[in-house]
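The same subunit A turns up in both complexes below, where it pairs with subunit B and then with subunit C.
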Partner chain A sequence: MTVLEVKALTTVLHLPFGTVPVVNNVSLDLHAGETLGIVGESGCGKSMLALSLLGLQPNPPAEISSGSAHFENVDLLDMPPARLRRIRGKRIGMIFQDPMAALNPVMKIGDQITEVLRRHLDMSRSAAKRRAVDLLELVRVPDPVRRAGEYPFQLSGGLRQRVMIAIALSCNPAVLIADEPTTALDVTIQRQILELVRDLQADRGMAVLHITHDLGLISEHADRVMVMYAGRIIEQATTVNIIDHPRHPYTAGLVNCAPALGQNRNSHLSEIPGIVPPLNQLPPGCSFEPRCLRRLARCRQVVPELDRHHSRHVTACHNPCSA
Partner chain B sequence: MLIYTARRLILFLPIAIGIVAVTFAIMQLLPGDPAAVLLGEDASEEGVRDIRQALGLDQPWWIRLGTYYFDLLHGDMGVSYFQNQPVVDAIGQRLVPTLEVAIVALLISIVIGIVFGVVAAVRRGTPIDAFCMLFAQLGVSMPVFWFGILLMYLFAIQLDMLPSIGRGPPLVPALGRALMGNPGDLGLALMHIAMPALTLGLTNAAVISRLVRSSMLETLGQDYIRTARAKGLAPTRIVLVHSLRNAMLTVVSVMGLRFGALLGGAVLTESIFGWPGLGQLAVAAISQRDIPLIQGVVLTFALAFALVNVLVDLLYAVIDPRIRYE
Partner chain C sequence: MFSWRGNLSLAAGGTIIATIVLFVLFGPLVSGYEFDQMDMRNRLQLPSAIHWLGTDNFGRDLWTRMAVGARVSMVIAVSSVAIAVVVGVTVGLVSGYFGGWVDLAIMRVVDIFLGIPPIVLALAIVAALGPGVVNLTLSLAAVFWTEYARVVRSVTLSHREADYVAAAVALGASKARILFIEILPNVVGPVIVLATLGIGTAIIAESGLSFLGFGVEPPTPTWGWTLAYGTRYLRAAPWLSTVAGLAIMITVLGFNLFGDGLRDYLDPRGVARRYRRLSST
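Right, the complex of A and B next:
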């Protein structure tokens, strides 16, 4: 069952030098209970995509210019703000990259959880308080009663991310958007957090949109993977296919760059020679063309479209690697 | 919090001792001989010598400083040359009226400053923002005395609504009587305090609103505000609970420093509106070269400033747990 269906979403940035797309014509389906990974280098628009889905893109400069995002049969992008607020935090939870900055520094942990419960589930103060402690226990925070009375600065990064997860899951959402939830954490904590998310997901049949720049990490946790480059989706397939038979030269580069896949969790993507072109200097054809070893003459002029006829493994490339 | 409060209060002691010393030193550096001032132009040399002896001015400075500390501990600031009463009494009588104006003005400036600042930040870039900041710009650039005279011209002379000078019944007892069902005095007190408090309050409101706006804009861009929005919270809750409380950290710390400007403004305001407070007393003392009185008033102002900053530190700790738990 599809819970979230995004069609041709484009988000633009209004910058001093002009208006540029930062999320460019992105479509995706998210099914109940699955984990969809979105992989891409820093700055390719992953966060902007995630934020746009909930109308949280920083405006200005960002603005959603076209597309739709249907969730439970209504379009998130075309909905009165008050209605969208009843979906945020309740039906769709979100956790962020930097748990150190994502919690309010002057508010107790417990209060930051109860305010969601009271907002969406209409709970009494005392019921919400008990529930907050239960949630902290659920995300495996030791000594939850004491922690509920503490402030964010008293918690480690890992604990804070657990608190963020507790907040995101407090109302049993159908979808969890996790934007690089472990990038700021060290390797052992990373593993624990991801296992926690996986366990909770299995219990609840929740869909997870997991955004990361770490292909090795996603290969262990996602059912399907979408690869993003300069605002566009350039390849999409099951995780096995992406890892074993990457078709887009960029994906192939990523796979080769993560040598011992699944072991080197800190491997970054930037090991492909060259850099992502700045948003205002995107080439007219394929965005990857300046770095691509398989480029053809027309790559420079014609933007490659996703080849939809390979419905299980789509690629946007004029000269894909053979399977 | 208890420990923090105790620590701040204990730290206040050496500061107070230092303030007394500095006040004392400044008075020593003032040109002119107090004895000569007392006796007037054509005093005989002997007369001056006798007075100097009587006042202890012939002693070395460290003995006089020691005596000063000793007297202060016993609540003795000397006797005013021209008011025919102990300095402590003169200050005591004037302190309450000044506190009345200062507190009412502070309330006005905080309420207006926060409302304008928050609204301007939330409606950033709209005409509402422009209007609020125009108000702030006017308030910041307008001299206190000019604004005071403007108010007086408008409300006292043109509209004849408010008394132009003087103080009504004491505010706090009047408030008490109003609560007991007799509001007459309160009305009178408020009519008198309205213009001095507005003069002082509005000029400060302008400063505060600019401060609130800029720190609100900063906090509204923080990650935890994005989290609050992702939680689906109502915008008012995000602004008032999540953003304003963090923004107040900057505002509160700057306000402690601004209190000095408030005192300066109080001196001017009291002179304009004939308000029988410390500011007026200070002006009178200085023009008469009434040295014990000057010393007493300066000391009072300095201690008030230091005390307010201790309070600000405590307030800061109330808002920010990171300070409390250090």
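Right, the complex of A and C next:
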């Protein structure tokens, strides 16, 4: 069952030198219970995509110029603010990248959870308090009663991210948007947090949109992966296909970039030459063309469309790597 | 657990304020004099067993007048600062959070208020409204609110962009909630410090205005009036101005200490500091 269906979403940035698309004609669908990974370099538009879905894009300079995002049969992008507020945090939860900054420094942990519960579920103060402790226990915070009375600075980064997850899950959302939830954490905590999200997801049949730059991380936790480059989706497939048979040269480059443990330290770590072009200097053809090792003459002129021939593995490339 | 020992300035400031309150409540009762009871044979008496703080130029008991005057001075100072805080904090939050033309318009109004010398502004307002305790309070509030608006605006500007505000929006919080539940607690610290300093300023400003005849009218005693009027008898009775000046100084000190301690107490990090200090001893 599709819970979230995004069609041709374009978000533009109004900048002094002109208007540039930062999310360019992105379509995706998210099914109940699955994890969809969105992978890309910094600045490829993946966070802006997530923010746009909930109308959180910083406006100005960002503005959604076209497209739709249907959630439970209503368009999130075309909705009065008061109605959207009742969806944010209740039906769609969100976890942010930096748990150090995403909690209010002068509010107790417990109060930050109960506030959301009382707002969305109309709970009484005492019921919300009990529920907050239950939620902290659910996300495996040790000694939840004591922690609920503490302030964010008294908690470690991992614990704070657990609190953020508790808040995001407090109203049993249908969709969880996780924007680089583990980037600020160290590797062992990363694994614990992702396992926690996976377990809770399995319990509740929740769909997760997991945004990250870490292809290795996503390969373990996502069912499907979308690769973004310069605002566009360039490849989408099941995780196994993306990792084992990448078709877009950029994806292939990303896969080859990942170092493996035990790899000979003297061996050459491959890289993708060049940098992402600035959004106002995108080439007229394929955005990746200047850095691409497989470019053809027409890559310079014609923007490749996502080929719909393979419904399970789509690529936007004129000269894809062979499967 | 709360401990007075953990926060010396809160304890000291609290003690001073409590003493003043006791003085205001019971001072006139224990002296046995009325504040406007004249005794022309005993003018400008030195402090003695009969008149604990001496008498003024009409032979009125200074102890009683200080106690009654404290009531008037305190009411004016505390309520003018309270009004200024409520108005200034609200305006500052709105200005800082919404930005754009709202901010521009509000800040230009603030600039106009700041452009007029404070005493002239207060004088003009009292002159328009007429003298009296209420009008004096309002005119002082009109002078003070801009300071809070400015400070709160700048703190709000930095918190507006914080991730926790974005997170609150993503969790469905309305603008009013963001302003008053998420951001407001973060501006409390600087506002408390400003407000406690402001009470001292208000007492002094009240004395200045009263001295110029725009404040509280005699025979109602205020500290400022006693301080200002006492200067005329500085050679004959130096205790008049000295007592009033010391009272103002101690009160201002008390509020400053209390505010300092309160800020530490309300700062969540301060809680941990206290814990650490207690557990290490």
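FYI, the second predicted complex is superposed on the first by the 311 of 323 C-alpha atoms of A that agree within 3 Å, B and C clash if a C-alpha of one lies under 4 Å from a C-alpha of the other, contacts with A are read in each partner's own complex, and residues count from 1 in each chain.
Please note the rule applied: contacts are C-beta pairs under 8 Å (C-beta built on N, C-alpha and C of every residue); 3 or more make two chains touch, one makes a residue touch a chain.
Since we're looking at a predicted model, the values are computed, not measured.
What does the overlay on subunit A give for subunit B and subunit C, a clash or a fit?
They clash: once the shared chain is superposed, the two partners overlap in space.
In the overlay, answer first, second, both or neither for which of subunit B and subunit C A:I233 touches.
neither
May I ask you to decide whether A:L54 touches subunit B, subunit C, both, or neither, giving the answer as first, second, both or neither?
After superposing on A, A:L54 lies in contact with both subunit B and subunit C.
In the superposed arrangement, does A:C44 touch subunit B (first), subunit C (second), both or neither?
neither
Check the residue A:V3 against both partner chains and state whether it touches subunit B (first), subunit C (second), both, or neither.
After superposing on A, A:V3 lies clear of both subunit B and subunit C.
For A:V22, is the partner it touches subunit B (first), subunit C (second), both, or none of the two (neither)?
The answer is neither, since A:V22 touches no partner chain.
Report for A:L103: first if it touches subunit B alone, second if subunit C alone, otherwise both or neither.
After superposing on A, A:L103 lies in contact with both subunit B and subunit C.
Tell me which partner A:A62 touches in the superposition: subunit B (first), subunit C (second), both or neither.
neither
Need the overlap of the two footprints on subunit A, from subunit B and from subunit C, as residue ranges.
Common interface on subunit A, subunit B vs subunit C: 54, 56, 85-90, 93-94, 96, 98, 101-107, 115-116, 119-120, 151, 153-154, 164, 167.
Which residues of subunit A touch subunit B in their complex?
By the definition above, subunit A touches subunit B via 51, 54, 56, 58, 85-90, 93-94, 96, 98, 101-107, 115-116, 119-120, 151, 153-154, 164, 167.
Which of the residues in subunit C end up touching subunit A in this complex?
162-164, 166-174, 177, 181-182, 185-186, 188, 267-269, 271-272
Of all residues in subunit A, which touch subunit C in the complex?
Listed in rising order, the residues of subunit A that touch subunit C are 54, 56, 82, 85-90, 93-94, 96, 98, 101-107, 115-116, 119-120, 151, 153-154, 164, 167-168.
Which bits of subunit B are touching subunit A when the two form their complex?
Checking each residue of subunit B against subunit A gives 221-224, 226-234, 237, 241-242, 245-246, 249, 319-322, 325.
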